[in-house]
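To start, I am sharing the structure in question, which I have written as structure tokens.
Chain naming follows the written order as A, B, C, D and E, and within any one chain the residues start at number 1.
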Amino acid sequence: MSYARIVWAHLQKDLRLEWRSKDAINGMLFFSLLVVVLFSFAFDPTMAVSRQIAGGILWVALLFASTTALNQTWTRELRHQVLDAQRMAPSPASALFLAKVLANFLFVTMIQVVLGPLFIIFYNLHALGQGWLMALVLPLGTLALVVNGTFFAALSLRTRNREMLLPLILFPVSIPALLAMVQSTTGILTGEFDPGLWMRMLAGYDIIFLTLCLLLFETILNAE
Amino acid sequence: MSYARIVWAHLQKDLRLEWRSKDAINGMLFFSLLVVVLFSFAFDPTMAVSRQIAGGILWVALLFASTTALNQTWTRELRHQVLDAQRMAPSPASALFLAKVLANFLFVTMIQVVLGPLFIIFYNLHALGQGWLMALVLPLGTLALVVNGTFFAALSLRTRNREMLLPLILFPVSIPALLAMVQSTTGILTGEFDPGLWMRMLAGYDIIFLTLCLLLFETILNAE
Amino acid sequence: MRRVLQFGLPVALAILAVGFYQATYVAPTEATMGNIQRIFYYHVPSNIMGLLFPYVNLVASIVFLATRRSNPMRAQAADAVALASAEVTLVFVSIGLVTGMLWAKPVWGIWWTWDARLTSVLVLWLIYVSYLLLRRFTAGGQTQTLAAVLSIFAAVDVPIVYMSIRWWRTQHPAPVFFGGPGTGIDPHMMPAFLWNIAGWLAWGLMLVMLRYNLERKRQQVEQESALRSLEAGQEVAR
Amino acid sequence: MPPAANAIELHEVSKLYGAFAALRKVTAEFRAGLSYVILGPNGAGKSTLLRNLAGLTRPSFGTVTLLGTVEIAAVRSRIGYLGHDSMLYDELTALENLRYSARLYEEESLPAGRWTPEQSLEVVGLDPGLDRPVGKFSQGMRQRASLARVLMARPELLLLDEPFSNVDLASSAQMLRVLNQMRAAGNTILLTTHQPDLARPIADCFCTMQEGQIVSMEYFERADRGAAFHASEEPRA
Amino acid sequence: MPPAANAIELHEVSKLYGAFAALRKVTAEFRAGLSYVILGPNGAGKSTLLRNLAGLTRPSFGTVTLLGTVEIAAVRSRIGYLGHDSMLYDELTALENLRYSARLYEEESLPAGRWTPEQSLEVVGLDPGLDRPVGKFSQGMRQRASLARVLMARPELLLLDEPFSNVDLASSAQMLRVLNQMRAAGNTILLTTHQPDLARPIADCFCTMQEGQIVSMEYFERADRGAAFHASEEPRA
């Protein structure tokens, strides 16, 4: 399929660039580590309540990490006006967006792979609910963060103060997703309530916003 | 004093650049509000333990806020090779570093001034220890964050290959500061132990690392 | 337009005055809460307006996106409506938040709680602040397009917020109107409430119109100075 | 293929930045198959004109008709634009950059005779095997890689903003040869430069801008205009 | 002040990037008070040479003696370097950029006759009052602002990497006049360019590089060499 091939071309390029420079990964790793350690100092992880706040900590760390990555994601296209070349290419703009989302998703997932075990060790976690559900919640939540984040990063690309603007417009819109992520994680970790509803909501959020972003991306890319 | 005047020239330039995008302050206010709201979603403030984790949460929020500033701090100098002009100027390199630290310190402090009261309202905090000590802990902790952060950002600026290592090197170095910040805040908020020792340690850390960074900055700026 | 304003503004103020009189002197005092309940006549209407004007903003934004290439003149007008309604939304939501908090302190004993309704209102407020910030942060021709896109996101997001926090702890009174049997307010309170609804609606519409006019003026002045600078030559003093 | 009479038509095109008019009511026609050299002092609006033609910004007033349509987006794949900046990723090699770009143009109805990334690099005199990221290229090498990217799709309309700046004389001559072939094959070329003497060999028209307006269009007869059509079909060295 | 015989001495200077030699055992002398125009194809190593002279990179082998010392850092304030990029902050106006730069050079033992930021901008033909951030300048305007920054401190040794690229002819002539005055005042100038004809009026020597080596240094007598000393003292328009 031709669309898929173009997405792949973009994705391959992004991965290669990241591999050569390691900008995003690096910053993300640093700050997520900082957060995990900070929290284990702040809050005696051996306490029983640790399970209740662990969901929040995990997602804040990730939000943190991904904002760093997201800010980088388009900067690279701005340098040397590569973005102008993208705008002039006949391939669909949404493919560019989709590839960026995938790339960011991969980066954040990579961070999770590092962060997750650390987290479990530091907080001595073992889920009282169905632990395997985390394998669904994590990607769903990451996708929610990354889809909107990539879109809004592109939106604020050519504005003054773009680094500042990104969190300002990203966070309010992402609140439902964050809520669902935290709640389903807490549900899983404490086993006190069923995370199913929240997870379905997260999935719904992902689908709605991915569609919306794909539809509107062309508009913002060529907004002048 | 000539050194002070050069620091002032750098600082003024940084502030002006920031100011050019006039709404920076508005943005920062709103950003602080968002962080507090987000954290209230992530960590239910009505929980009884909230006082115990508030220290950690406050510092994570600050870390969050300062990343936005730190990430950008040197990028600006890289664009159009302005950094080369800096390297060729006869003024001392450490003045450049000091000015950057000051600028970042100012931004983060500005955020704190907004964040603090909001935090108190949303988390319904009132210190059980000596609350006024926070007026010492906050700047000391911020300085520790900002000094290391700025230095780290400059370091990763010019070194390409060893990059993955850098966060891992700087990270352990920052741990004592983190520990001291969080512990003294918790001590003040809960009134359970005396924060004095931790605060002295924080001050010591600040002095040592500021000196070290000032001495080494020239080296890393001209490292090739 | 001018006529409508000249006529409408006094009318809106008059209705509001009647509403004020009704709410303060005519409506009966509520049994449990006492006089503090009278804030109801301001709290509920402004919240209702705060939920109404976002739709105006959404429709105007869509019109803008649809016509910005084919009919720039109409698109400009639509954008002015979008801006005006966003600002008015923010005014109403702010009033709703403040009156709610003023009410909450004596009744619940706290200023704020993370209750479903309160939270969703707060998120609505946050989103519209970010909308206006975006408009200020951007420059040149892109402002309008980007803002319109954000407005669509906001419209999609608010219902989701609303749904999601249904499953959250709640403290705010349940719906009073159309809530099924057993709900509703004392019929004696009704006139005061209706007068206030009408008054705030009229006032809100007038505000939107005023703001719209102002924005159109600004667009016009901009256009004219542009044309002047085209005639005058390249270097033009501002 | 007999090209349309006019490749570009501008009608009262103005571009405002705030109260400053970078283009002022420009009305002009650029005939298909000719090459135009746009001259003018710094700040005259040359780059702004090209960016508007490329569809990268939109004029504040007026209409641009390009290759017969006002919908520039629809003919994007037939336009090649070279800007001030390289439009290449610093971390990738020239070949990687071009390969990536080529994939974005795939499946499009482009002329069959388009070049591969390797050919395209050779055309501008760069070694395709050079294993060095573009960020480490010298200024002139980067400029050439940049041009190679644009030429690769063999676009019908070439918009080149100072293509010769920082390029050495030998390479400029080489570029001119390529451009001449493209022109001879019926493509339209608009290029800006501050070195009119350099560009003269391929110019059909010198177009001078001043203060946001086109002040003169000076066509001249070229002996090779007919002949070039055939010359271009020869294999390149 | 009678300048030292040699402003620059290079002894077996090589610069390696990995296995690639951008400079290969360059041994040369540049006399003080003369102006050298460095020519050569793209990738010959011209920019690399200038960056090494400016102390921005260090040669892999060999020694550079500048203004009588091998410690380039010690004479930094007497060197002016203009790179490929503007070295200016996009968000500030030209005047703000220059004022900032001037403060970094304060209190240094610079010649008393140095220019104020305003003078410096006027010298390159830019309006100091122009209230537009450098990011919105046209390419040529930016290049001129950039040169103004370098000239401001009136450095003894000027290293200019393609100063005329993208600059229109009138402004190039203006720049040349300024450079000529600087030269006449005893300053040393090294500039690279791909437009030898443009630079000829101020050249004392054409220095050609190829593949990382200096292959020829062609000095020529200039009628104005003595006279210029006096001409330079005249007030500028």
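The rule is simple: a contact is a pair of C-beta atoms (placed from the backbone, for glycine too) under 8 Å apart; a residue touches a chain by one contact, two chains touch by 3 or more.
Because the structure is a prediction, the values reported are computed rather than measured.
The set of chains touching chain B and also touching chain E is empty.
The minimum number of touch steps linking chain C to chain E comes to 2.
Comparing the centres of all chains, each the average of its CA atoms, the largest separation from chain C belongs to E.
One rotation lays the C-alpha atoms of chain A on chain B, and its angle is 175 degrees to the nearest 5.
Chain centres here are C-alpha means, and the one lying farthest from chain A is E. Rounded to whole angstrom units, the spacing between the C-alpha centres of chain A and chain D is 40. Centroids of chain A and chain E (each the mean of its C-alpha atoms) stand 48 Å apart. One simple way to say how far apart two chains are is to compare their mean CA positions; for chain C and chain D this gives 50 Å. Listed for chain C are residues 126, 129-130, 133, 137, 140-141, each touching two or more other chains. For chain D, residues touching at least two other chains, in rising order: 17, 20, 58, 84. Multi-chain contact residues, meaning those touching two or more other chains, occur in chain B at positions 20-21, 23, 27, 30, 34, 37, 41, 44.
Contact between chains, as defined at the top, is found for A-B, A-C, A-D, B-C, B-E, C-D, D-E. Across the complex, chain C meets chain A through its residues 65, 123, 126-127, 129-130, 133-134, 137-142, 145-146, 149-150, 152-154, 156-157, 160-161, 163-165, 167-168.
On chain A, the positions that touch chain C within their shared complex are 155-156, 158-161, 164-165, 168-169, 171-173, 175-176, 179-180, 183, 197-198, 201, 204-205, 208-209, 212, 216, 219-220, 223-224.
Interface of chain E with chain B (complex): residues 54-58, 76-77, 79, 81, 83-92, 96, 100-101, 103-108, 133, 149. Put simply, chain B touches chain E in their complex at residues 2, 5-6, 9-10, 12-13, 16-17, 20-21, 76, 79-82, 84-91, 224.
Within the complex formed with chain D, the chain C residues making contact are 140-141, 225-226, 229-230, 233-236, 238.
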